[in-house]
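The following pair of complexes shares a single chain, chain A, combined with chain B in the former and chain C in the latter.
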Partner chain A sequence: MSAFWMVLLSVTAGTVISSVLACLPGLHIYNVMGALVLGILALEGTAHAVPADVYLPAFTGMVVGWSMLNTIPAVLLGTPDESAMFTVLPGQKYLMAGRGFEGTMITAVGGLAGAFFLVCVMAPLAPRYLPVSQQVLKGHMHWVLWVIITFMLMSEWPKGGNRGPAGWAKFYDAWKTLLAGLATFVLAGLLGFILLTRSPVNHEVAFQNIMPAFVGLFAIPWCLLNMISAAGVPPQRIAKSLEINGDVILRSVWSGGLGGGIAAYFPVVTGGVGGMLAGHATAQRDERIFIMGQGVSKFIYYVGAFMLMFVPGLNLTRGGGAWMVKALYTPMGVADYYLVLGSIAIAAGLSYLMMEPLTKLTLKFIDRFNYRHVSTFALGIILIMVYAVTGWVGLFIATVATGIGLLPVLFGSRRLNCLGILLLPIACNMSGFGETITGWLGLT
Partner chain B sequence: MTVNKEALPGHETQSSEMNCPSCGRFVGAVTKCPYCGAKVEKRMSLVAIRWAAVLLATVGLFLLFLMAKHRDIPVVKLADVKPTMNFAQIRVEGVADSDARTFRSGGGMGFNFSDGTGTIMVFISQKQAQEMVARNLVPKAGDQVSFAGGLNISDDRSSMRLLSVDEFQVVRAPAAALRLADVTTDLKGSSITVEGKVMDLFPPPANSKRPYALKLKDDSGEQTLNFWQAEYDQIANKDVLVGAYVRARVSVAAYQDKLQLKLASGQDLEILDGPPAAAAYASPAQKAAATYRQQAAPAPAPRDFSRGRSVASTSLSVSAVTAAMKGQTVRVRGRVESVKAPQEGTKQPFAVILSDGGAKLRATYWSNADAVIAVKPTPGALFEMEGVVDVYQDRPQLQVESGYKVKLVDDTPASTPAVDVSKAVRVSSITAAALGQTRTVQGTLGAPRALRGGVTYALTDDTGTIDLVLWESIIPVEVLDALEEGAKVAATGEVKEYEGKLQLTAASGHSAMVIP
Partner chain C sequence: MKGFSHFMSGVAVASFGPWAIDAALNGNPLFFVLGGACGILPDTLDFKFYRFFYEHDVYVTPDPKNPDPQYVADEYARAVALAVDEKRYVRVKLVSIRLGADFWQQYSVKIDNEKLEVLVKFGPVVNTGQVPVEGTENRYPTVARAKLKAKVIQTYDAGMKVDIFDGPTIGLKPMENGDLDLEFLPWHREWSHSLTIGAMLGALVGAGVWLAAGWTPAWQSFVTIAACYGVHVVEDQLGHMGSNIFYPITKLRTPGLHWMHSGDGLPNFLTVWICCLLIFWNLYRGQPAMTYHFGFVHLMMVGLVIPGLVFGALRWLLNRGQKVVVAKGDDADDEWNDSKAAG
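Take a look at the complex of A and B:
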């Protein structure tokens, strides 16, 4: 079989598999890729060794398919990962108005626009400008991270304390959410220090040692909230058209591309943080632009970060997908770059086409089963997956993280503060005093 | 048994939990009906759930912290390391394959570690490196080490990052005491102890990435110890190093078949009070001779404390020295064209002609100065000399007063430039078909881009641009120093491909030169 057909088949298979898996709540494609990496390594040196021309396009397709279709469980089942959590509130608003299909499809159009932006705009410029910018910025990453953290914490405003007599009660009312936000950030940061310095997860599966915490911080609280307070989902309408136009798409690409680009390029900054920064920077008010922009941002965050590894002359590893592939393969030259860009384009088109039938299928599922039961089912899958990969220790970590993840939900503060789990320890480490803090904690 | 009753008239809009489910009367916030005694179910307060979450988060985090703190880090053999262990914290036990080396950027350290089943590079942060230096824990080749670190696994290069200095254990490998003449490349990779007198110390030239070179001499011979600025800064009483007797623990290495003695830490160099006592390696006869020399030897020559203080640190080219500078103390750098020793029985000085391009300068010094010159000037070698400018027959000459001020900079003779401009081809003619072949090009240099251990210039001619890569390890310093942005140069090298782009890697030696 020629290399062309091999690549085409691989990327198609990767995209289809990840598109279907993306509909399962709580299952991150990086978990699946991790299992595949293990399999590929086991076959190395045997007669059935998997060539790079097969697994590179397949992994690219998986990242693309998942970044496009994980909107379905995030919006319709309420189980977002941290990069999709901004999509959930406006998305669920659409769901409650019987327009869940429209909400997910608008996000998918954002993903498709993000693919065009990445392949047609970013990719030609990246080999020329990114190595230069990397040279300039690499010594400045630590303070950039601190600026982002400062902005994230300071841009949360009081949500109470407007009425009533002056005094401690009013003060507490005003500061309650802010304090909860700060507490969430600090507690998540401490959890991050523990997991990054002396993780209790078995060293044999250390590449997944953050996964239980992420699941606990983001996915489980949402499931619990749905189970406690879920209202019935109204009948859903399948729209023949979307309430968008070229202007909406362009403005979405502008805001989402900026957010996703920041998240993909800067270490530790995730899609959620990038989306927040871009939202403030571009000040787009239209809800459609917001939803579609999040689709663009999420796509560029996941796929762009993966692509950076293959940019000639850059050699930048960002995101879990790239780190896993790095264990298998070191990109060489422009041929690999073209391979990945081609795979991204094919996979983006294919996954968009799969979006519509899979959304309809999920809506039928929701229509048939009680939403509370659906959330319970999602929670069950999540817990089984955490146990399967990391065992009882992982479940314990997920439980602790759930406690932290519930704080912003119950106190009404920003869930983004949960990202302190990575931002705080990594920023401290990059600034050179992470070891001092772990020393104070007695971890080193 | 409770029976649901409808709310009494007037109470219909109230929440059901306000009314008794048994008798239907309004009961308010109480959980037991005061009229019929029935139990009244209340919704759980959100505030309670909130604080339950806070409790779960803090108590759970504390328990997790205790678990992590008291958990033993598993000991793992490098052969058992799998990609799924990426980011794992593991403990390894084995031997340091190399001396820990201080990185010039960032201040961290690194060394190669082996446990018999595999080898891995270990990175140490700047703060940890400082602490290890202070505690004398810096590993050297052959030392037994045990430590915990975080794994970073990739397809081409895996590494570990040291977790904690407190958990770093080192058992020093015994270092054999050897005479300098007995040190050969056969000892490569081992740590040894040498003693002797410091004949001279050569700092690296300005803007160069070369190490310090310390000339050490004992009864048997002479060797050069190399170390970097970081190690130099660690040496105690380094101002009195030249002329002093020292003991140093060094590792033996070889580079391009030449023996190298590397000082891994400034703490490994100890200044002795006097000439070292006859060591265990010496034979009885040598011991006796050493004792005799110790008694009979004249006092060591007074040390030169003025080094680097009396004149500006930068050296002048030969052509820059003029008769108008008469009386000034200057430092001059040039290639030795000829060396004329005084004829026996005369009181003439040594005369060395330094040249630089077309310019020449005569430098003179007396026999007593020659006696302390560590490396004698030889034709072709690049030397730096410091002295007072004098004028003889209207031409400037340099009177060198101290042999310590005569230093070798580069012993590679300047050969005829290896670049034959007549063979230059157009840049556009270099295609992938020329990969691995040698080509000569000429053109104008663009802005330099620093590499680890080298520099790249974009070389442009009328037909195109190609990256010219020059590695410091194979290109002489003076060649690198002569190149700058905008200079027109000719260069010879091998056509290679990197990241999909063709580039010309300059050949070893004088393979690039500025052309008019």
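Take a look at the complex of A and C:
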């Protein structure tokens, strides 16, 4: 088989598989990629060794398909992964108005626009400009993290204190949510210190050690909330037009590109933070632009971070997908870069085409069953996934993380504070005092 | 401006201090954190602290069990009468109506100065996402009216719509001609938005640092805090609402330059982006062994002018022959809604 067909088939297979898997709540494509990497490593040196021309396009397709289609469980089932967190509230608004289809498709258009921006605008410029910026910024990554943490904590506004006479009682009522937010951040950070220093997860699946915590912090609380309080989902309409034009797309790329770009480029800054920055940086009043911007941001975060590894002359590894591929392969020059860019373009088009039928299928599922039952089913799948990948220890970690993840739900504070799990320990490590803190905690 | 724009401006201003970059290269992020925090601090003081201690003369608190628009109209008229009769500044709180865990009765207050009336209309029930609940739009079809004792002059178009979480405060200030000047959120951009307060805060922290660590970090802290706090005040002055720039020397807000609204997309994005470029430039200058070299003009051309022109050209192409309607904003209204919507 010629290299062309091999690449095309691989990227198609990777995209289709990840697009379908993305509809399953709780399962992250990095879990699947991790298992595949272990398999490929095991086959190395045998007659059945998998060539890079097969797994590179396949992995690219997987990352692309996932970054596009993980909108479906986030918007329609209310089980977001961390990067899709900001699509849930506006997405569920659409769902409750009978426009869930539009909500997911607008995000998908954002993903497609993000792919265009990445491949046609960023990719040609990246080899020239990113090595320069890397040289300037390499000693400054730690304070960028601290600055992001500061903004995250300072930009949450009080929700209470709305009535009654002025005074301390009102102040305390208002600050309950903020204190809960701070507590969430600190507790998640402590959990992060434990998991990153002395993870109880079996060393054979050590690369998945953070997965159960993420599921517990972000997906399980949504499921529980939906099971307890879900109102009936109204019948869903399939819109003939998304009522978007080139201008809306352009402005979405502008907002989402910045947030997603920052998240892709800076270490530990995740898609959720990128989504928050995308929303804050551009002050868009149009809800469609916000939702589409989240689609752009999410795509650029996942796929852009993966692409960075292949940019000639940059030598930068960002994101779980790239780190896993790095265990198998070291990129060599422009040929690999073009291979990955071509794969991104094909996979983006393919996954966009899969978005419509898979959204309709999920909507049919929601129409047919009570939303509470759908959420219970989603929770069941999530727990099975966690158990399958990390066993009972993983379920225990997920339970602890769920306790922390429920704090924002109960107090109405910001869910993004759960990202303290990564931000706090890694910022401390990068600034050089992580070991002191793990010493205080008795972890080292 | 939006909180993020102020925050990034603070970080950018901090990056102009060579000491901040030296400290960062040695693993100390404090000056940059201080810069960002002080950049957003004036709004933090208002929205997270001061407003909960702000006393009101009239609390308009509709009964959630029996929401009555006429009550709101009558109370509003009473507050106006109070300001006129007692010739003093009257502070009114329009309290939101919470109907359930996730449901709020929306209402709006409008002034008709021609007829000297206040008009109150109850809208739909909305959820916390501000989405109307179907079938609740016309539960209160009548518009309640009450006569006002004086004209209420509103110099900017902040919509007086009350729905989720907290309701707004308005101040009614008697003017010499007998009319009342309406101030939306009078507790906002008062003492906190002052260059003097920024300098005082810097001096206070600087004094503490001086005692703890000596003169050099003390003046560096002072300069960082005062400058980053000050840039917030200066940026807000570009909008409509203005700030009380030299409190406690000045007592009133100085009206803004009316160049932009605080929630406008383009100015906010440009601020954030230019700040990113300035930070980048300052880090480049502070980097000891660069193999790549470029000038400031080159950076601005590549990072701002060329992408800006491409973006402008694309927008022009995409919008040719179409009427682009951009939602109009208002400084106070934007910031108020922003504080409620930020999740």
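One rule holds in what follows: the second predicted complex is superposed on the first by the 440 of 444 C-alpha atoms of A that agree within 3 Å, B and C clash if a C-alpha of one lies under 4 Å from a C-alpha of the other, contacts with A are read in each partner's own complex, and residues count from 1 in each chain.
Note that in this section contacts are C-beta pairs under 8 Å (C-beta built on N, C-alpha and C of every residue); 3 or more make two chains touch, one makes a residue touch a chain.
Quantities reported herein were computed from a predicted structural model and do not represent experimental measurements.
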item: Contacts of A:247 with chain B and chain C, given as first, second, both or neither; value: second
item: Touching partner for A:235 - first (chain B), second (chain C), both, neither; value: neither
item: Touched partner set for A:162, first chain B, second chain C, both or neither; value: second
item: Touched partner set for A:96, first chain B, second chain C, both or neither; value: second
item: Partner chain(s) touched by A:432 [first = chain B, second = chain C, both, neither]; value: both
item: Partner chain(s) touched by A:147 [first = chain B, second = chain C, both, neither]; value: second
item: Chain B versus chain C as contact partner of A:406, first or second or both or neither; value: first
item: Touched partner set for A:34, first chain B, second chain C, both or neither; value: first
item: Set intersection of chain A contacts, chain C complex versus chain B complex; value: 432
item: Touching residues (chain side chain B, partner chain A) in the complex; value: 46, 49-50, 53-58, 60-61, 63-65, 67-69, 71, 73-74, 76, 82-90, 125-128, 151, 153-156, 163-164, 166-167, 497, 499-501
item: Chain A residues touching chain B - in the complex, by the definition given at the top; value: 34, 37-38, 41, 183, 187, 190-191, 194, 196-200, 203-209, 312-313, 317, 323-324, 326-330, 333-335, 337, 396-397, 399-400, 402-404, 406-407, 410-411, 432, 435-436, 439, 441-444
item: In the complex, chain A residues that touch chain C; value: 86, 89-90, 92-93, 96-97, 129, 131-133, 135-137, 139-140, 142-143, 146-147, 150-151, 154-159, 161-163, 165-167, 170-171, 174-175, 178, 229, 245-247, 250-251, 254-255, 258, 277, 280-286, 414-415, 431-432
item: Interface residues, chain C side, partner chain A - complex; value: 2-5, 7, 11, 24-25, 27-29, 32-33, 36-37, 40, 44, 47-49, 52-56, 59, 61, 95-96, 98, 101, 127, 129, 131, 165-167, 263-265, 268-269, 272-273, 280, 283-284, 287, 290-292, 294, 302, 311, 314-315, 317-319, 322, 324, 327, 329, 334, 339-340, 342-343
